[in-house]
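The same chain A turns up in both complexes below, where it pairs with chain B and then with chain C.
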Partner chain A sequence: MGRYLLRRAGASLVVLFLAAVVVFAGVRALPGDPALALAGEERDPESLAAIRAKYGLDEPILVQFWNWLTLALQGDFGESIRTGIDVTDILLSKLPITIELSVLSVLVAVVLGIPAGVLAAVKKDTWIDHTSSGIALFGLSIPNFWLGLMLILGLAIYFPIFPASGYVSPLEDPIGNLMRMVLPAFVLGTAFTAVVMRQMRSAMVESLTADYIRTARSKGLGEFTVVASHAMRNSLITVTTVVGLQLGALISGAVVTEQIFVIPGFGKLIVDAVFQRDFPVIQGAIIVTTAGYILVNFVVDIVYSLLNPRIRITGAAT
Partner chain B sequence: MTLLHVSGLSVRFRTEDNPVQALSDVSFALEEREILAIVGESGCGKSVTAMSILGLLPSTAAISGRIALEGRDLLTLPRKELRSIRGKELSMIFQEPMTSLNPVFTVGRQVGEVLRHHEGLSRRAARDRAIELLDLVGIPAPQRRVDEYPHQLSGGMRQRVMIAMAVSCDPKVLIADEPTTALDVTIQAGILDLMRDLRDKLGTAILLITHDLGVVADVAERVIVMYAGRKVEEATAEELFEHPQHPYTMGLLAAVPRLREQPNGERDRLAEIPGMVPSLSAPPSHCPFAPRCSRADELTLSELPELRDVRPGHAVACFHPGDERTYS
Partner chain C sequence: MTKHRLSLATLAVAALLGAACSPVGQDGGGGTEDPRTGQARKGGDLVVALSEEPDRLDPSLARTFVGRIVFSSICEKLYDVDENLEVVPQLAADLPDVSDDGLTVRIPVREGITFNDGTNFDAEAVKRSLDRHREISGSARASEIAPIEEVRVVDDTTVEIGLSEPFAPLTAALADRAGMIMSPAQLDKLGENFADEPVCVGPFSFAERKAQDRIVVTKSEHYYDAGKVNLDRVVYRTIAEPNVRLSNLRSGDIHVAEDVAPTDVATIQNDANFQVVETTSIGYQGITVNIGNGDGVGPPFTKPGTPLASEEKLREAFELSLDRDALNKIVFDGRHTPGCTPLSPASPWAVEGFECTPHDVEAAKRLVRESGIPTPIPVELITANNAEEVRVGEVIQSMAKEAGFAVTVRPTEFAAALDEAEAGNFDTFRIGWSGRIDADQNVHQFQHSSGSLNWAGTNDADIDRLLDEARAAQSTEERKELYRQAVERASEVRGIIYLYHENLFLGAAQEIVGLEYFGDGLIRVTNAGFAAEQG
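Showing the complex of A and B:
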């Protein structure tokens, strides 16, 4: 188990380094010169050169990369070209918001999707199964922006239960924070719920026909124990992978949802930074996102090995 | 004393096309401490018989008849009571030891689960008892094995775990559905010895379901031969092997491979029963074996033979019984 985790950690570092290379090169491949964008009206060669020199944009690209990487490893992502604010500070202020939104929407998906999937599998081919599968398909097909707007119209304007948009820190106003997060988390979680439900259903249908389920029944166990303990434990192995992948994707920010609900998270940050050619911000945000993705996958692997003893022992999936 | 009494058991499965009559009017009795074997080809209804005794048939099955365990009819018992019997008084081991254990739980937990469920043992006590049971079924180093997962055990060991689980509550009846079929021949004998041993030690009656006459000869005391969902012959093992009456039984016996040489020095070819097992979705109204039988005549092709005693304790459903060789 220890060696397995060590190997996974090593692989994660390699991925992170490759991501840094790609991001750094990719950002510089973007059309548009940040010096031009910053210079504004004063486009004389001297001021452009001064700006380039200030941000190190005139150095060879490998040197730029080395400088950036060594500082980034120390947690220093430089300053925003636009605002001059420390990128690390910007990221640290946005990160909790994105994490909160991601975790809440995963929670929505897990709390709704898993029981619905189990129920559909147990009641396979009955109206319960068909109805929940239908709802899942519907949830998967609705575009986020439309669902977000409809929820704002319905639950914030006609029936003003939740605030329409904005963000307050949970430290200032925990209840206000949660109220503002309900709708975006639900919007983000809808499609995800559908995915979890479908995955859980098919995994459960398979588990329930397994020989060990027949064994469990022959032991005289009640149907609840058979389903909730013997079948679900096996099905969760598949679903954990899906949840992990999705959670990782959410960390990179839910651009559309954050725009609609005016939540100042990672999605909005990255889009704004790209439009402004704010290299340090783009790089920092994407590296942190990548690290988050890798971390989530790492955690998923650990959970996975806890759920599946065959991985725990041999160190590889069988 | 009769422990398990099955009478007039019929099972019909509803399917998309035609209903399938898997069992027709099967009756037998299992006595205390007895090892009774049910033999026949695939699809003859052996496993369906076992599953209907435990009440594990899918909901598409229509069951009629009576299955009495010490006088209680299992077919009419409320679900909850049936569950309190399953695993405690009546338990089962299955053909596929590789897949019959849950891969995500330790064997100790899976054996202990039965004890915790039926006897209300604590986690600690169940574990201790599980170690004793693993030891009883001949698993070496049970202290260590108890915390292992099924994939760490060989097929034979897994089947021993299944047996430990099945006998954990000291059941009155153990149903073993092809318990050795998936195992290497060298492992088979060990499992059969173990089952006989447990019968001697614990007094458990065993209903052994198999297609393997070698297994029958090894452990069974009484044998029921089934064909196309019907019981066609029943006798003590010795009697059946010495004086088979039904042509189907004789065919089965002749189909057991053995090394034997003809006078001209050539090896014997393996005998086979000509023809195919009849379709159960359209069971014939005559003797189901008639189309494959060399003794068939007009009577066998028009009527269904009833079971009748040809000798004391030896019943056969055939119009022309007899042990003169038809197959060799």
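Showing the complex of A and C:
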């Protein structure tokens, strides 16, 4: 286990370094000069030169990379070209928001998707199965942008139950926070619910025809126990993989939802930063997202072994 | 169907199309009350949605238009404008006194007022800020007040500015960020990081900023006219998506929405709970034609080798093919103001009686034939990559086609488009200017051969001379005449084909009174508040 963890940690560092190189080169390959983007309507040559000098944009790219990397390793991602605010402070303020939104949307997906998947598998080829699959397909197909606006119209304007947008910290106002998170979490979780439901159904269908289930039934166990304790537990391994991958993707993929509900999270941060060519913010945000993705996958691997003791993490495991 | 349901359905369709809704433009129950009238009650938090994130809140370094909106509540200037866009004193006690040779400008400043940190406002503070605007590294103000050579403190209430050359636009420059005076105590404390907690003279004090979310300002207890300030707080939120701004206005999450699309105006007007506040911008929108920017902005001016660059008559034909009124009706529900000069009719500098090149397809065809260039004549048009701009491009494409031009619309992400413009990699570029108070700031940098935004590559001796003379002239009438001549000459050269002046729309809850919204597009909230009867 220890060797495995060390290997994974080493591999993660390599991935992070490669990500840093790709991101750094990638943002500079974008058309659009950050000095011009920042200069706004005051684009006189002196201003542009001063901006480039201030942010080191006039240095050779390798020098820029080295300067950035050495500071980033110390947790200093520089300051936003646009606002002058410390990037680390920005990331630290955005991360909890997107994590909260992602976790809540996963919760929505798990709470809705797993029971629906189990039910569809148990009632395979009945109208319940078909209806669940239909709803899942609908959930997968529906654009977040459209669903978000519809929910705002219905539940914030027409029946004003939830606020249309914004974010307050749960530490300041727990109820207000929850009220503002319900609609975005639902929107973000909708497509994911469909994925979870379909995965759960497939895994359950396979499990329910396995030998050990037949054995369990022949031992006289009740159907509920067979489904819940045996079939479901094994099927959850597949779903856990999906949840893990999806959680990582959600951190960076909440872009549209955050735009619609004006949630100042990571997705919105990255999109705005790209449009404004705010290099330090883009770099910092993507590195942190990459790190989050790696971490989540690492945790998923560990959860595997807890769900199924037959899977042992060893030095040879992958 | 009730009015509410009608609106719901309208928005639903808009959302389905992924675009702003465009109902027939008829006035409904709301939108008729003048927001500048009505009694406000004391107290309340006003939430204003801005269309983009302001940059750093440092008057010397700030560059965004939305930043100016926030500054209007926390940082007053030596001069401001009134509703007629005439310059009036704000922190200055009177209009400046200019010496006969135009090289010395004396400005009396107000006495007995304090910054929002309680420290004293005086001539020394004015000098400190003006010097910082000119000298700080990366200053966005330096070029606006470049002719200033020295700022001298005459006494506690008078500063004297020495100029390297006569510079008539100075007063107008001091009516914008270059005229904002920062607290010397706060500058001592924060230095280059003044934007972290800006302190000026203003009806509101900066309270907090959450990046990409909100800027909060609270009523100042130090403001000299605090009795007129009604609101406790103003919260500026950033909501970039126009549909989302509109839905937040309708849900009551915000009270004022900046930059409402013309096609959304009727939707707001049709709801009795909301009002639309409208003003004509002092800026312009047009098509920049690359006539001498083949190798990057500035000299040497090289023609890019396109038909439009090489043949002045073809540019005339191109303009003759454009129907400004039709463009306005098709894309903007007829809500903007067609025009053909850089000086908006809302500006005191407007060129009165100026005749636009009329829409005349036959004349355009004739000029194309006379040019001898085989048709269709290829023209590439860069536009911003949003739905509205692409529609503008497509309308231009279809109009110009009639005269024999094959316009290719190239929607380009804005930062990338600026790169192309700087490098001279374009035929034509659909871009505008938000406008400034003085005519010079709307013409010189675009039309003068030395202009930093001369993307067209205009290099015309007459235009240069007229604009230089207009800068130096001290009489307003003389300057107006020079700008009239400069605009006439520019309309012949056609480095920029001006199309229209935007009408700016604010969406606001009906209960909001006292908002001031002039042609400069700033949302002035000093006297704003919630209507007393709501209270």
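Operating definition for what follows: the second predicted complex is superposed on the first by the 294 of 318 C-alpha atoms of A that agree within 3 Å, B and C clash if a C-alpha of one lies under 4 Å from a C-alpha of the other, contacts with A are read in each partner's own complex, and residues count from 1 in each chain.
The definition used in the following text is that a residue touches a chain if its C-beta (ideal position, glycine included) is under 8 Å from a C-beta of that chain, and two chains touch if they have at least 3 such contacts.
Remember, predicted model here, so these are calculated numbers, not experimental data.
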First (chain B), second (chain C), both or neither touched by A:Gly75: neither
Residues of chain A touched, compared between chain B and chain C (which is higher): C
First, second, both or neither for A:Leu221, with chain B first and chain C second: first
Partner chain in contact with A:Gly32 - chain B first, chain C second, else both or neither: second
Touching partner for A:Ala156 - first (chain B), second (chain C), both, neither: second
First (chain B), second (chain C), both or neither touched by A:Lys54: second
Touched partner set for A:Ala210, first chain B, second chain C, both or neither: first
Touching residues (chain side chain C, partner chain A) in the complex: 4, 8, 11-12, 15-16, 18, 53-56, 58, 61, 63-65, 137-140, 142-144, 193, 195-196, 209-213, 237-241, 243-244, 247-248, 250-253, 298, 413-416, 418-420, 422, 433-434, 445, 452-453
Complex interface listing, chain A residues touching chain C: 30-34, 36-47, 50-51, 53-54, 80, 82-85, 89-90, 93-94, 145-146, 149-150, 152-153, 156-158, 160, 163-167, 259-260, 262, 264, 268-269, 272, 275-277
Partner chain A, residues of chain B touching it in the complex: 54, 56, 83-88, 91-92, 94, 96, 99-106, 113-114, 117-118, 149, 151-152, 162, 165
Chain A to chain B touching residues, read off their complex: 210-212, 214-222, 225, 230, 233-234, 237, 307-310, 313, 318
